[in-house]
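In what follows, chain A forms one complex with chain B and a second complex with chain C.
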Partner chain A sequence: MLKKLLSGLLALSLTIAPHSVLNSSAKIENAGAVLPSAFGYEPQDEDERGLWLQMDEFEKKLKHSKLLVKDPKLNAYIQRVLCKTVGQERCASTRVYIMRTPYFNASMAPNGMMMVWSGLLLRVRNEAELASVLGHEFGHFENQHSLQSFRDIRAKTDAMAWFSLVPVVGSLAQFSLMGSLFKFNRQMEREADMIALNYMSSNGYDPKAAATIWEQLRGEMDATAKGRKQKSRKDMNGGFFATHPNSKERMEYLKDAAGDKGNAGFRDGAAEYRAALKKWWPRLIDDQIKLNDFGATEFLLEQLASNGWTSDLLFARGELYRARGRSNDFEKAIGFYRKAAAKRDAAPECWRGLGLALMRSGAVDEGKAALRKYLKRKPDADDRAMIGVMARASK
Partner chain B sequence: MRKLLFIAALFSVVSPAQAQFDLFGGDNSPLYSSKATATKDGFTFPSTASETKIVIIRPDIFVGEQSTGGIDRLNANWTKTAREYLAAETSKLLISQGFVVKNLQDLEDGGDSLLVEYRALFKLVSNAAIRNDLFPAKGLPTKKGKFNWSLGKGASKLGDLGDGGDYGLFLFSRDSYGLPGRKALEIIGLAKGLEAKPTPHMGYAGLVDLKTGDLVWLNVNVRLGGDVRKPDGAATRIEKLLAKFPKRSGAAK
Partner chain C sequence: MTALRFFGTVIVAVLAFGLLSPPASATWKVIDGGKKADVAKEKMSVTPKQDWNRSSQRPSPYGELWTLDGFSLNELSFFAAIPSGKAIYYNYQTKNRPLPKFKSKMLLTDLAELFESTNRIVLQTSLFDVSSVEPTKLAGHDAVRFQYEYAVQGDELKRNGEAVAAIINGKLYLVNFVAPAIHYFDRDIVKVRALIDTIEIAN
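After this line comes the complex of A and B, so read on.
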């Protein structure tokens, strides 16, 4: 009886929801022959028009967000890397917004709006790694993944609603449908990864860079865990309910696929990337330090210093130790600040950090002298009034 | 064990059995049949001797269709036309009450930051007022018996944007029309004694004094009539949304 009812409901749900609701390995396909990356593309049906209008409204607000990084040079650089990755004509269909958010993430909306978080720019070490992320997001856009996902969710929740009328067996069917929702999402992530690899290798970026990002992120997760005396989260991603493939799996299939692309004169653009980000690094590192994640930040600084400790990196390390402020941390910070200040391109802030760390460690007069040096080197400092008071105050 | 609990919790969130039907009576509670209005103590419009100008801020509109599983899809055409109809009907009604009206609704490139920021601020403040004041089950102790919400004096800049507007009127409406499958589910569910959540037809309107930034009037209705996809329906909707709009002293009825 129950079985009969169930199959009846199933048939009903299938007629009402035209998509292949119960096919958990639903094929991912392009909805139309024309890709959204084509010049002058307009959304093709009611679903797509609805999603686009919602995102257009969101984008209007986003343009006024206080978190938006407006630096025209940095924006132009990121757009240029995207265009080099996917081709000049295609990239014109997207807009990239850089958000001042200190975590590793990027996202893509169906109308061509891409968001890149500043924490990603801090972690990425060269153009090829950046290209792999931008290419991945572009792949979601070009293959209309938001639209497919929306339809998949709607079709499967329709079926789930009917199953909600059936006791017990209905719940089991709902459960398996829910699993297939997450599985579909993971398939799209994998597809976007592969699209990125193809774009990278056909436009000269080293496809191996896609896997190295995941290697670094896994290392960072270990470092966070160690610093906090917790178990590393690098292999935890929700299993049945995971929206993305596991980072280890991802790293491995990316490595394999990149191996197949050969080694034909690829570039990674590390020097160009460093030059383009130079002005921003101190701010990005400062944001990271304020996350109070000592282990991960130390790990990141060491990664960034793989070609030697620059003044900026030494300064950042000083700030990190001074912010933690445990025993010996001020002494270590003082050492880093001194080394940073000795370099030719030292920022005035090195003397501020040095002065504050000296004062905290008890060397008050020496600290005040360093603060005065800071103010002399940066007469228009935002914190002049406060630092000035500290530099003058007697005990 | 923790993992099992997590899965159970997630399941209960995603599972439409709970989402579609009011199985536990809890989450649909009184809001679904509620409407409420509040006016700031002692508020009246200046006398009819002087001109009173109301700036209609670009209405925040969503018109869509609801699938069987309760997923709302925005319908781009309906949303665009409803926004035009609702703004036009609002102008008509206010003009008939003797107000001077200015529409502030050109936002194609995002428009002015100020407008975007104040729309967001209004949404935040009015939602706090709705939660804590109009439906005071969860009222804030410091706000008891008072309707004194404000966007702050900076709101006067909105008046400048609207060429010297005295008040700003903000409108929000959200509608979703059930697709055939949704309706079928409601009927079959009802036969089993389960009442499906109604598709949303709700809205609110708020009036802000652009000299002080104070929210002087707020009206919420979560079971609104009027089909916003048609001009007549939009007129009905605006009549309901502005049903208890403060009258001008001495204004002709």
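After this line comes the complex of A and C, so read on.
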């Protein structure tokens, strides 16, 4: 039973599990009701108090997780985008935690704890796209979808059994488990999407960005499938997608609803987003490259390079091709490393990659010369001893 | 899921995916200290100074697992003669999370990169860092020694590891030791290095 449960949940986590949708009937305010986003809100009844208590415990442990990205500037930035999206007063009721996990996901707990995975930050391209995800998660929180789900589940099963499944430490499986406990039905997903769209357009973010995310994710799924010679899962239904609108449907109704919002000088905040993430790109891309998903990584790099190939991006592309190592890959990698190395801000690792790719392609002496350049630029490199031996000129 | 260890994690992940029935409880065999023992289907032999415990669980058709006190405290794995085109571990998730494959033309530095990528995928973590990559010998052959550290989601105890890898006759040979950074790694790594020095590789 547990095996089956975990199987479903893990599968869920590895599917694209973002949330972002809308419905024209959704409302931001529940007339007369006190919303959890209101200042000083307290859980209203036994069910809600129980949920909050569990989530508060979880959050305490989460604060000590090694997976947390603690960079204060990045955290402040993400929180700022949430606040710009939903308004200063409302956002004070939430805490955002960035997790170093290389998949696209975000989740929201009923006590205002939001988790954003680093893979999501790699995939969204501007503030408006980020706002659509944050706004969507906030919509689940504000409309108390998890409480509704809990009551629904509890009506069918034993509450203690439910609580025993609440995660106590933050593992990937457990995050997914939480996602499943707070699994929202299609109606809720649409509602949260609509809330996000309303917030975005009210606060100046381009609501078209919500559909764009789905377009990109569908493209990425195609790219993964192509790279692995599999059938794309972008139009899969059933399983995870049984309770979620499928990505095509979601993309289409988001596009329609965004069209209704007009085009009143919305911004997308692409430059601000790039600046805020600049320091993190190399690490996030490196995490992605090491997932051994050539198609998706190439797709993401091309997306990131839509404003031009920087040295970091060219280097990453070289690393990607060198890691795959098929017949022409080393020649291509060499080209990318050379271009990366020619840029003014090139990292020393460009010469490392170039040297190793040259050696793999048979140009051993040239490769050794590049490795020596790497060591000259980075004499304290972690791999200096090994590279030093490999770089010695042939006698 | 609190005391996840290296392959324990693989096994938990595999069970969770429902792709493998729970193994009949692993059986153990004591490897006597001071005697030469064949490992990894007799492709290698090693003469440990201490007694070790060999598990019947295998991380791949080419490997085997030893421990002193249990996998969560110290885990030593041997892989011998992995052919070109094969992954280091059993590849349970070929569709969703295929593992990178060893290629006989790889450079020694590539082996550390292959190991890192493989383990990031299997352990589902991005907190995995390789450091101090240096040249060494394995049974007289040119080899690479690298150290690494990682933490797994859900079991955030920091673990340290050290591995030695070489390509001999186009095949991959790898010995890997991993233990909690607190106490156990430092306590046992000296024994492991001495043990690796006794490795002989069958022709």
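To be clear about the criterion, the second predicted complex is superposed on the first by the 316 of 395 C-alpha atoms of A that agree within 3 Å, B and C clash if a C-alpha of one lies under 4 Å from a C-alpha of the other, contacts with A are read in each partner's own complex, and residues count from 1 in each chain.
Here, a contact is a pair of C-beta atoms (placed from the backbone, for glycine too) under 8 Å apart; a residue touches a chain by one contact, two chains touch by 3 or more.
Everything quoted here is computed from the prediction, not taken from an experiment.
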item: First (chain B), second (chain C), both or neither touched by A:Trp52; value: first
item: Partner chain in contact with A:Leu68 - chain B first, chain C second, else both or neither; value: neither
item: Contacts of A:Lys60 with chain B and chain C, given as first, second, both or neither; value: first
item: First, second, both or neither for A:Val364, with chain B first and chain C second; value: neither
item: Contacts on chain A seen with chain B and repeated with chain C across the two complexes; value: 64, 170-171, 174-175
item: Touching residues on chain A, where the partner in the complex is chain C; value: 3-4, 6-7, 10-11, 14, 64-67, 100-102, 118, 169-175, 228, 230, 287, 290-292, 323, 325, 356, 359-360, 382-383, 385-387, 389-390
item: Complex interface listing, chain B residues touching chain A; value: 7, 10-11, 14-17, 20-21, 64, 67-71, 73-77, 79-80, 107, 109-111, 113, 116-117, 120, 180-181, 184-185, 188-189, 192, 194
item: Complex contacts: residues of chain A adjacent to chain B; value: 13, 16-17, 43, 46-47, 49-54, 59-61, 63-64, 150, 153-154, 156-165, 170-171, 174-175, 178, 240-241
item: Of chain C, residues touching chain A in the complex; value: 1-2, 13, 15-18, 95-100, 103, 105-110, 112-113, 116-117, 120-121, 124-127, 130-135, 144, 146, 151-156, 158
